[in-house]
Each structure stands twice: as structure tokens, then as C-alpha cells.
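Here is the structure we will look at.
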Amino acid sequence: MNVRIENMDWMTYRDRVGNGECKVAIPVGAIEQHGPHMSLNPDVLIPQHIACQVAEKTGGMLVAPPIAYGYKSQVKSGGGNFFPGTTCVSSRALEEYVYDVILAFVEHGSREFILINGHFENSMCLVEAADRAVKHAQLSGVEIKVILLSYWDFISEATIEMVFPDGFSGWAVEHGGVLETSIMLKIHPELVDMSRAIDTPPAEFPPYDVFPPNPDWVPDSGTLSSPTKATAEKGKWILDECIAKMSETFR
Amino acid sequence: MNVRIENMDWMTYRDRVGNGECKVAIPVGAIEQHGPHMSLNPDVLIPQHIACQVAEKTGGMLVAPPIAYGYKSQVKSGGGNFFPGTTCVSSRALEEYVYDVILAFVEHGSREFILINGHFENSMCLVEAADRAVKHAQLSGVEIKVILLSYWDFISEATIEMVFPDGFSGWAVEHGGVLETSIMLKIHPELVDMSRAIDTPPAEFPPYDVFPPNPDWVPDSGTLSSPTKATAEKGKWILDECIAKMSETFR
Amino acid sequence: MNVRIENMDWMTYRDRVGNGECKVAIPVGAIEQHGPHMSLNPDVLIPQHIACQVAEKTGGMLVAPPIAYGYKSQVKSGGGNFFPGTTCVSSRALEEYVYDVILAFVEHGSREFILINGHFENSMCLVEAADRAVKHAQLSGVEIKVILLSYWDFISEATIEMVFPDGFSGWAVEHGGVLETSIMLKIHPELVDMSRAIDTPPAEFPPYDVFPPNPDWVPDSGTLSSPTKATAEKGKWILDECIAKMSETFR
Amino acid sequence: MNVRIENMDWMTYRDRVGNGECKVAIPVGAIEQHGPHMSLNPDVLIPQHIACQVAEKTGGMLVAPPIAYGYKSQVKSGGGNFFPGTTCVSSRALEEYVYDVILAFVEHGSREFILINGHFENSMCLVEAADRAVKHAQLSGVEIKVILLSYWDFISEATIEMVFPDGFSGWAVEHGGVLETSIMLKIHPELVDMSRAIDTPPAEFPPYDVFPPNPDWVPDSGTLSSPTKATAEKGKWILDECIAKMSETFR
Amino acid sequence: MNVRIENMDWMTYRDRVGNGECKVAIPVGAIEQHGPHMSLNPDVLIPQHIACQVAEKTGGMLVAPPIAYGYKSQVKSGGGNFFPGTTCVSSRALEEYVYDVILAFVEHGSREFILINGHFENSMCLVEAADRAVKHAQLSGVEIKVILLSYWDFISEATIEMVFPDGFSGWAVEHGGVLETSIMLKIHPELVDMSRAIDTPPAEFPPYDVFPPNPDWVPDSGTLSSPTKATAEKGKWILDECIAKMSETFR
Amino acid sequence: MNVRIENMDWMTYRDRVGNGECKVAIPVGAIEQHGPHMSLNPDVLIPQHIACQVAEKTGGMLVAPPIAYGYKSQVKSGGGNFFPGTTCVSSRALEEYVYDVILAFVEHGSREFILINGHFENSMCLVEAADRAVKHAQLSGVEIKVILLSYWDFISEATIEMVFPDGFSGWAVEHGGVLETSIMLKIHPELVDMSRAIDTPPAEFPPYDVFPPNPDWVPDSGTLSSPTKATAEKGKWILDECIAKMSETFR
């Protein structure tokens, strides 16, 4: 609990970041449908959980309040922006918001930031926000470093094989499927109701996107593959690996 | 718990908002110092708490994930943007973000929104976001209504007299003072440490602002008046009144 | 007259500001209805008048051409943006315009600016413009100082008691009422026609705003309180106090 | 006097524009050096004067408060943006400001607007503002028409020959020269001091621009040709022609 | 040749698109280093070539002038934005430019657009541009459809096996490698000099990005894998497949 | 051929620009109708051709890929934005795009840029882009110089007399007329079909613009004067002069 910035009083926080050597992790997620068996916030809660665990393990790192609303869900990665509950913002809004948040933390003394992304579609907005923040800080003579990661990039093939013993359908369709559901079962079981999980074959898409999106491309459930084989144990394997690797990397 | 949108699955949410008659309350706050005795997030947690209570009482209302980072803290209302921990964004970023969030909810079918503000400085950004969202929706033939309120405007003089039996120093200096501290003692006592509360006379300011701000204008503690007489009971009086009046108004 | 920048030739102006010690006051107003008894420009003319008087009294200060179109009128402070004649701009436009104007004057050598606001709704746009201008100047190694004030904040309670011998209905409803009308009677009697002043009780509003605004909330005349007791003498009292205090402060 | 919108009360204004058939002229100028013999505001005062005269002659037209700060002065048309007193804004700021002002007047009922430009460099910003305003109004089902003119385009060759009996050096160098000075002598003699007028040969420029601008390209006085032969009578000839032609055109 | 819009006169073009049934393909690329053996423009020339071929095969499709400057090159997909010759723009600039171009073509009558992307990093900017263009057109009552594709997504595994008989190192490192080089050898052999191709093992990257980027992560040559086994024949295989599949899809 | 940046590999380019003394010419054009006898891209091809010739003559200069889509065509200079084939962008998009491109080249080491404009309407967008780029570079301690020119400003009166032996109708109507057509006949005869050239008298316009534009103001052919007397020889005269003068100026 003592790594979450928002829960500290300002003097305590100041004493933690004042020397400039404390890293700040900023979880960035989305409010997005993840099937009828799961809440709308896995993309927020998972990176926040990982960030807190990594911060506790490494020391020298604090966790900022997550940025909850992310960039527009796309059909082939998140089911599409037309689902009720999928509540997303434009690239401009997200980019400006993240850019401002990074630079606000720079003012407090921190020089190294880790954007922990939980929503694929955020990626390029975060690239631009990070790039602009680094360059703006340089204009005022301050060198900062921004790490940008999506937690799933830390999962090894070995873990994938354990989690998907019957074969992995590929990252592209891991939206609301075994991976995210397992993690949520581990960290927020109260937000998952496996009795509502719908068994759906992996979605197949043409090699292009279309605007306005075509809802017929997406399974009715909103997940791009079946979550039915998700378990909390699988979630633990995934988290353990991500948290261990990140902790090692950012120590 | 069942009024928070982010905790619902999308089908449940869809069934609640699909007919367009469900109101959506959006708490908007700030990460801002509130003295050495309190966490950085009262401006987020208080409007979120009130929103949830009102939604439960009234029915027909859901609560969106709060927008955590708000507009830049000003010296005479929030101590100033130079305090460590005060982590704020530009008016453009906040306005765009809120504007996009409102319009995203419009897509789901809701037509009435209540922006519940917990940070004075957000006010004009929310005015602009609401005004633009209403007009943009009109361009596509959709009439929406956006209510904008700051929770403290629902507190009566009678309650003020009860909370401040020795006299009220005025709204202008109620930053991190008895009012906010009492509410936090009631709803999040774990985020308040009254042993660190600093007794400070009400701040006095010249009749203008200056940029860059002058830190000497602000008490060292960051609060603009003394929180030492805050109690959870006072917090309950305030909340009871706000929640009751809003529930009556928005039912 | 010799304090208004626009009326000088450039060499005279250069000789006044070239050493960087001359303050520049920038009046910012609005074109906004103020009842059927008064022109649309009190929010422009009053701060411009005050600025000129202060500049003449203090020396070392010049007055820029006023920024005439201000931020959107709000129901509870200016009657609302739907009145014919109320001609307002977005926060983005006002902010950018003021920001650019400040930085243009910085190029001429001045380092201290006083934004003299005559329209409540402009406030936060001016905060953002001032904050950004200060920071942008810093990037190029120039330290500037921007004072932001609304002239009414210099009026004392003693003066209020003199101006409102029967009791003051509060700042919130002082739109087009005794205060502004009295000042205009003093400085621009040709723009006031007291025979058209409408006696209206102080407006009462709910503790929230709504978008789109509800015209029924506002008295038909557009003023939020009655201007019928306005006199030029009262205007003089107010102006004398504001001008004296500002002159003292900014000398 | 009774054509200036800012001097009307809102009910009078409403009665003038409410049927949508009243044209609104919006003068757009600049605060820009015009030599040591003249004030900084000819680009504001001249189009405002012309607008008022045309409005009085034609009826069915009102004049908006001028937009005083214009787009950055360029070396070959206005001497350059580096002169003290030349106080200009970015294209974005001007465009947004004018765009918003037009659309605000649309709300009052007017459907035809005349942007009367007094500063060459404003031209393309006004094109973009007008084009965007027309298209935005169309989105809400409102057809508006925006006329854009620079007053000097109404001056005939015959008048040029009268004003420049010794030969015309060309429009390109008519900044602060005989033309503008003569008009100002006619309408605001108190803002011209011919004893300070500097006799300078017409400026000659290479066939390109350079950024940052080179001050050596510009005569020390800031005018691009000599104002010494300016007279109020010449100003009257020019104004009479412009006003007559515009009145005929826009009646 | 007769499918490139820029080479037509306007009347010919009008006759082709006027009924609204002609598709418009818009190549979007980048100016970006692709190793010492190849020019800076494969990301422009390849999608333009494919677009023209598809247009010729399908009929009912024209090809717009390519958008040459794309979004900032990223280390792990394009080597990074710090290479001399890599000349990229911000997300805002690219998004606005593409958005405007689409809507300009809508004015001519076309209703279906195909953005043919040749630079991975452009992807999310094109998503946003397409999404906004579709929605803006809808506001004015026009339904348009925008297809977004990256040509490499049309390459089958079978072709990959033929092109990489010794094993495929993965899409992630196909920057300036066998794939792009082979295509360029086929369509623009004069822009490839295989004698300068550098044999480099596939690049390996950590599972995150860092800003400012670290040049040490990237092979000195700038390619992320070796281009030495590229041949024009392989280029032909790839192009034949992409062109055939797209032609079938968009006929 | 060896002056076009896009055709170089990055190492060759680096060796040319690395010492900062190599100028970079950036052609900026438009896709715009030029009559039924000519393609849509003279405004792109002409400045690109001139740039390449000047670069070859002077040495120490390279030519960037042209920016093809320019600012909205205006009735009185380009026929208007409503012609099929005229495919233009907003001032914001063009300005941001050019600004970013300049600053990207600055990163490679170049310090002097020449914007070679082929489309009159681009002018003020290029002014703003150049001005902002210069100032932004200064913030990071880099002094750059941006030359902005429209190629036709290098044509002498003597050449005009040769090209128009029967009298010159003026620059204002030289859209798609003898001048541009002659140049295109010289450099891209395959894109001109003189059998389709329409003989039209010089267009005459009122001294103002109107939005939305009135197509009746423009000759049906889209050219503002007759191209029928264009010849490749005249094109050569014009080009020879422009190229010689620019080479002399920028050597």
C-alpha cells in the first residue's frame, strides 16, 4: 500500500522523490468490455497491480494513480469502440493528458518514469506523449527517461505453453480470453463470474481494418477467444513472471 | 458497489443504460497536496463517494470511473501547483479528456450526465467540456444534458455553523481544513493522520494572483486553514446533507 | 491619454518600455448583455478605465489595447451565453490570444504584466494563459511576472456598505446591477439609460449549472439584480477605491 | 454612433438583428508600428471607421467591436515583427478568435458577415476562419455568408493617380506611407504628427523572405515608403471612394 | 499510369469519380533510413506501386499522391528517429494531414477510401484519421468507408517460407531486410545497391521501449535484419501475392 | 538525380549534411486543377524541378521530397476549392506538417532551408511554419535560417514581356495560363494536352472574396486566363531565369 502516491501525504511523498532517484510508474489502461464474465477495468487494474508489486519488490519506485480512460478500442485487438461500456478517448486527449502528467511529476524531482500499459491501443499515444515529454524537459535543461512497456511483452513462451496447454491462438486474439481472465481471477476474483464466460472460437479477421467498424467481425460476447479455461493459478504464473522480470529489469 | 460502471460487465451495463434513461455521474478530482495529515486524493475520493451514495439512493444513476488528475492547483484555492505531490494537467488536456469521456458515454445511450467536481480549479474546464459536448451531440441530432456541480455548494449555512462552532473562516481557505479533513475521516480514516495535522491560522491573500506563484503566500503545511478540529462526525453531517440534497434533486 | 500604447508611435513606445522596467496592463473584458439599460461593453470599458487611471497615477505603467471578446457568459454570473448581444469565444481561443499578446509584449522588453479582468468568466482562461506565458518565457531564459486581478476584488466591505445601504445581495448576482451600472454612470453616462433599468429581485439559482443552459433561470432583463439604485456617485466611490489600492499595490 | 454593436443595449441589438437580415461588419486590424509619425493602431481604426460609415450609409448593417491584435507583421508588408510596438499573435490564435466571434454572432440571428481587414498579413487567417465558420454553420443546418475584404482593394487607379501625382511606388511598399497616413490625418489627426514623418525612398526587397527576419532590410523609420506627402485631403479622397463603393456593393 | 490522380486533368478525374463509386487509394509512407544499400523511400514507393497495380487490375479505383512524410520511426520497428535521413513528423501533423486529405476527396464524390500503409509506425495515426474522417462526414450526412491496411499483412506464410528458406526471423525485425529490399529490387532496382548491403544478425530488443531512444540497441547499418539474401525474384513473389489478394478483396 | 534526398541511402545523405553546411530545399505544392489541358500537379512538379536544377548548379544543396497537398485553393488565385481534383488541406495541417519536416531536417545537421513554394495559397502557412520552426530551434540553442520563396517572384519584367508579347494580364490571373502551362510543356510535356486547352479571357473579380465561394466567378475551364499561347520555349525562358537567379542567390 505504501507505494501508491495518491495515498501518501505530500511531505512523505516529497521525502521519497526529492532526490530525483525515485522512479515513478504510471499505469495506463482503458475502460473496455472484456466479455460478459468480467468487469470493464482489467486494463486498469492489471497494470496497476503489477506496478505496485514491482515497486514493492524493487524499492526506489512509486506508483502513480492510473490513467483510466484509454484510446479507442479497435475491432481486431479489443472488439471495437461500439460496445456498450467501452468508453474511450481520442489520441489527442490521451496524449495530452499523459504528457502533462509526466511533466507534472518531473516538477517534483523524479527523472525516470515507467509507463505500464494495459491496453494495446494506447501504445502509439504513449510513444508520442513520452517522446514529447522527454524533448520538452530537455528544453528546460532537464534530462528525463521514460520507459514504455506493455506488461504482456514480459511473458515468456514457456509460460504461454503452460497457460495454453492445448495450443496458443496467438496474441492477436487475447482480448478477454484466458490470459486477462486468469490474471483477474487471481487479483480481483470478485470482478469475474466464470459462470457467464462464453466459449467462443478464436476470432478470425481479414488483413485490414475498416471504418466505421463492422460489428459482425466480432464474436457476440466481445472476447476474441474463449476465456473458459482461465484459472487463478494461471494468473499467478503470468503475474509472477512479469513481476519478477520487471523487478529485475528496473531495480 | 453495484453502481460503479467499471465493476460491471458490459452486458449488465448495457441493460442498465440502454434505454437512455439512466443518468451517469462522473467524478472529477485532482491529485493535490492537502497538508501533511492527509493523502493526495481527497478531491477524487470525496466526489466519487458522494456520487456512489447518491446513485444508490436514487436508482437510475451509475457512477463512472473518476477522472483523477485535474487542473493546475492555484495558490489561493489549493496552495499552488509547486507543491510536491500536486500533480496537475493543463486546461486543454483536462477539457479534451472530459469532453471525450462524456461523448463516449453518449454512444452507449445515456443522455443525462452529472459532473461531480471535487477540485475548485477544475470548474471552468468542466464548463467548456460540458458546453462543447452538448453542442457536438446536437450536431449529430442527439440532445444531452450535463449537470455540473461542486459538492460543497450543497452544504447549508446551518451545517457550516455546526461544523464551525467557533466561526467559519470562509470558503476561500477551506483547502485541507476542517471540511475536507472531516469528510475524509468519515470515509477514508486510513488516509488521515490527525497527529500530523498542523494548526495554522486562516491564510490571507492579496486581492490578485501572481505568476509564477509566490510560495511565501502559502502556509508551510499547505493547508489554507487549520484542520485540527476535524472529526468524522462533522464529516458525516456534511455528507449526509450533500447526499440527501443531491438525491432529492437528481431523482 | 498618454498611457495607452495604441496611441503612441513606436519610437515613443520603445523609449518607454526599452529598459524592461515599464509594466504593461492588459484589460480583458467581454461583449455581454448587461440589461436593457446599458451597453454591451462595461466589461471592456471598466477595466480599461481603471488601467489608465492606475497607469497615470503610478507612472512606469502603460495600458495595452483591451481584449474585447471574452469567455462564454455563464448563467449564474453573466446571465448565460444565449442572450442576443452576448458575443463570446471558446476558452481555447481566448487563452491562445492572451498568451500570444503577453509574449509579444515580452519581445519589446517589458517583464511585468497586469491582466485587469472585467468579466468573471475569463478568470481560468487568464490563469492558463499567464501560467503558460511565464513558463514559455522561462524556456528562452526570460523571467517575467504576470499579475492577474479582477477589479472588484479591490472593493472593500466598507464601500459595499456605502453602495448598498439596504443590504448587499452578494457578489454572485452583481451582474448588470448597482455596481457595474454605477461605474458606467460615472465613466460612460452616454452608454447608460436609467429609464430602461428594470427593477428585479436578486436572482436565485440552484447549487449547480446545467448545459445547455435553461433561460428560465435568468430574469427577463438579463441582470441578476436590480440596477435601479445605481448612481454615478456610487461609481465614483468604487473607482476611487479600486484605483487607489491598485496604484498603491503596483507602484 | 448608432451602428456600433458594443454601444447598444442587448434588447435594442436584438431588435436590429433578430430577423437575420442585418449584416454584421467585423473590423480586423493589428497593433503595428507605422513609423515615428503615427500611432500603432491605423490598421484597427481605419477599417472600423470605414465599417461605421458604410453601415450608416447602407442601413441594415451593424459594426462589431474590432479585433485589435492581428497576425505577425512581415518585413516586406509591415516592416517585420521585431519592431517595438508591433504586437501580434499567431495564426492559430487569430483564426480561432475570429472563427469564434463569427459563430457567436450567428447565434444572434445574423447570416451575413463582412470581415473588413486593415492589415495585409491577416488575410489567410481570415480566409481560414471564414471558411471554417461557414462549414461549421452548415453542419448545424445554417447557411451563412462571409465577405472578406481589405479596404485598399476598393481604391481605383484614378484615385491612386490623384494621391500620388509624382508616381506610385506600388502597393507593396504602402506601409506607413502616403496612403495610410493620409487616411489617419483625415479621421484621427490627433494620432499623427507630421513633424516626425521621415522621408525615405521606397524600400526594395529581394524576391524572397527570410526567417528570422533581417532588420537591415527595413528603413530605420519602419515605413516602407515616405509619408511626407500625406494630407487629410488625400485621405478624404480615398475614404470617399472606399465607402461609396462598399456601400453600393453591400447595400 | 492512368490510375494516378495527380497525372489527370480535373475534367477526366471528375468523370471518373463523379458517380461516387470510384474507390480512392491513398499510399502513406515515410522518409526513413533502410540501411546503407537502399534509398530512404521504400515506405513510400512500395505502397504506391501496389496501389497502382491493384487499381489497374480492379478498375474502379484511383491512386492519390502518396503522403511521403510519416510518423516518427521507432527503434524496434524502424531503427529509431535519430538516424540521419529519417525525417518524420508528429502524430498530430500526420493525423491532421491525412484527415484533411480524405475529407477533400470526399468533396469530389468518392465514398470509399483505402489507406495503403507502408510504414508500421503510421498505424495508429491512420486509425485516428480514418475514424475522425468517417464521423465528420456523418455529421454532414455523408456515409464514407475507409479501409486501412499495411501491405505486409497480405503476405501468406507460404510466401514467407519461400522468401526465407533458411527460416524467418519474424516480422518485428523486417526493417530494411530481405522483404523490403527484395520488393525494391523488383520495382526500383536503381535505388538499391546490394554491394553496400550489410550482413547483420536479427536485432534483439528488450521487452520495452525507452525515450530518449538508445542508439546502441540498433545495428550500425540501421537494418534490423540482414538484407543480403534479397532478390528481385523474391520481391516479385511478394508483390504478386499482395496485389492479387488486394485486387480480389477490393474489386 | 543525386540531389534528391529520398533517393539516397542514409549514409550517403549523412555524409552530405553532417557538417551543417548543406542547404535543404523543400518544395511545397498543391494538388489543384489547372484546366482541362493539364494534370493536377504543376504546383508540385515545378518547384521540385527548379529545386533540383538549382541544387545541381550550386552544389551544397539537397532537395527534400515535395509536400504535395497544399492549402485550400482560393477562387481568385486558384479557381476555388470546389473543383473536382483540387485536393487541399487546412492551414493547421499544412503548417504543422511543414513545421515538423523542417525540424526533422534540423536534427540531421542542416541549418539552412529553402521553402520553394509552387502554390500561392500556401504562403502564409509557410510563413507561420518557418517562423515557429526558427523560434523552436532557438529554444534548444540552435540557430537556423529559413528562406521562403515563390518561384514566380524571380521572373523579370523582361521575361514577362517576351512570354506575353501581346500584353500581360497580370499575376493575379496566371492560374493554369501561359506561364504554368509553358513550364509544364518544357518539363513534363506528357502531362499537358494542348488540344484540350480552352481559350478564355482573363477572369475578372470583385475586390473581395466570399465564403462559401461562388463558382460562377470562375471560368468553366478552371484557368483564370488562356493557356493557348503556351509553348515549351517560353517555359524554358522562365525556368532558365528562375534557376539562374536562385542559383546565384543561394550559392
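Points worth noting:
A, B, C, D, E and F are the chain letters, set down in written order, and residue numbers restart from 1 in every chain.
The criterion applied here is as follows: a residue touches a chain if its C-beta (ideal position, glycine included) is under 8 Å from a C-beta of that chain, and two chains touch if they have at least 3 such contacts.
For clarity, every value in this text was computed on a predicted model and none was experimentally measured.
Separation of chain A from chain C in touch steps, taking the shortest path, is 1.
Contact with chain B and chain E alike is made by A, D. Chain centre most remote from that of chain B: F (centre = mean of CA atoms). Taking each chain's centre as the mean of its CA atoms, C is the chain most distant from chain E.
Between the CA-based centres of chain C and chain E the separation comes to 54 Å, rounded to the whole angstrom. If each chain is reduced to the centroid of its CA atoms, chain D and chain E end up 47 Å from each other. Between chain B and chain C the centroid-to-centroid distance comes to 29 Å (mean Cα coordinates, whole Å). Residues of chain E found to touch two or more other chains are 81, 90, 92, 139. Taken as a contact graph, the chains fit none of the simple arrangements: neither line, ring, star nor complete graph.
A complete list of chain pairs in contact reads A-B, A-C, A-E, A-F, B-C, B-D, B-E, C-D, C-F, D-E, D-F, E-F. Against chain F, in their complex, chain D makes its touches with residues 71-72, 74, 81, 90-92, 95, 121, 123-125, 127-128, 130-134, 145-149, 153-154, 206-212, 245, 249. Listed in rising order, the residues of chain B touching chain E in the complex are 139-140. Here chain B touches chain A in the complex through residues 5-14, 17-18, 31, 33-41, 44, 64-69, 81-90, 92-94, 96-97, 99-101, 104-105, 107-109, 191, 193, 196, 222, going by the rule given at the top. The touching residues of chain B, when paired with chain D in their complex, are 138-139.
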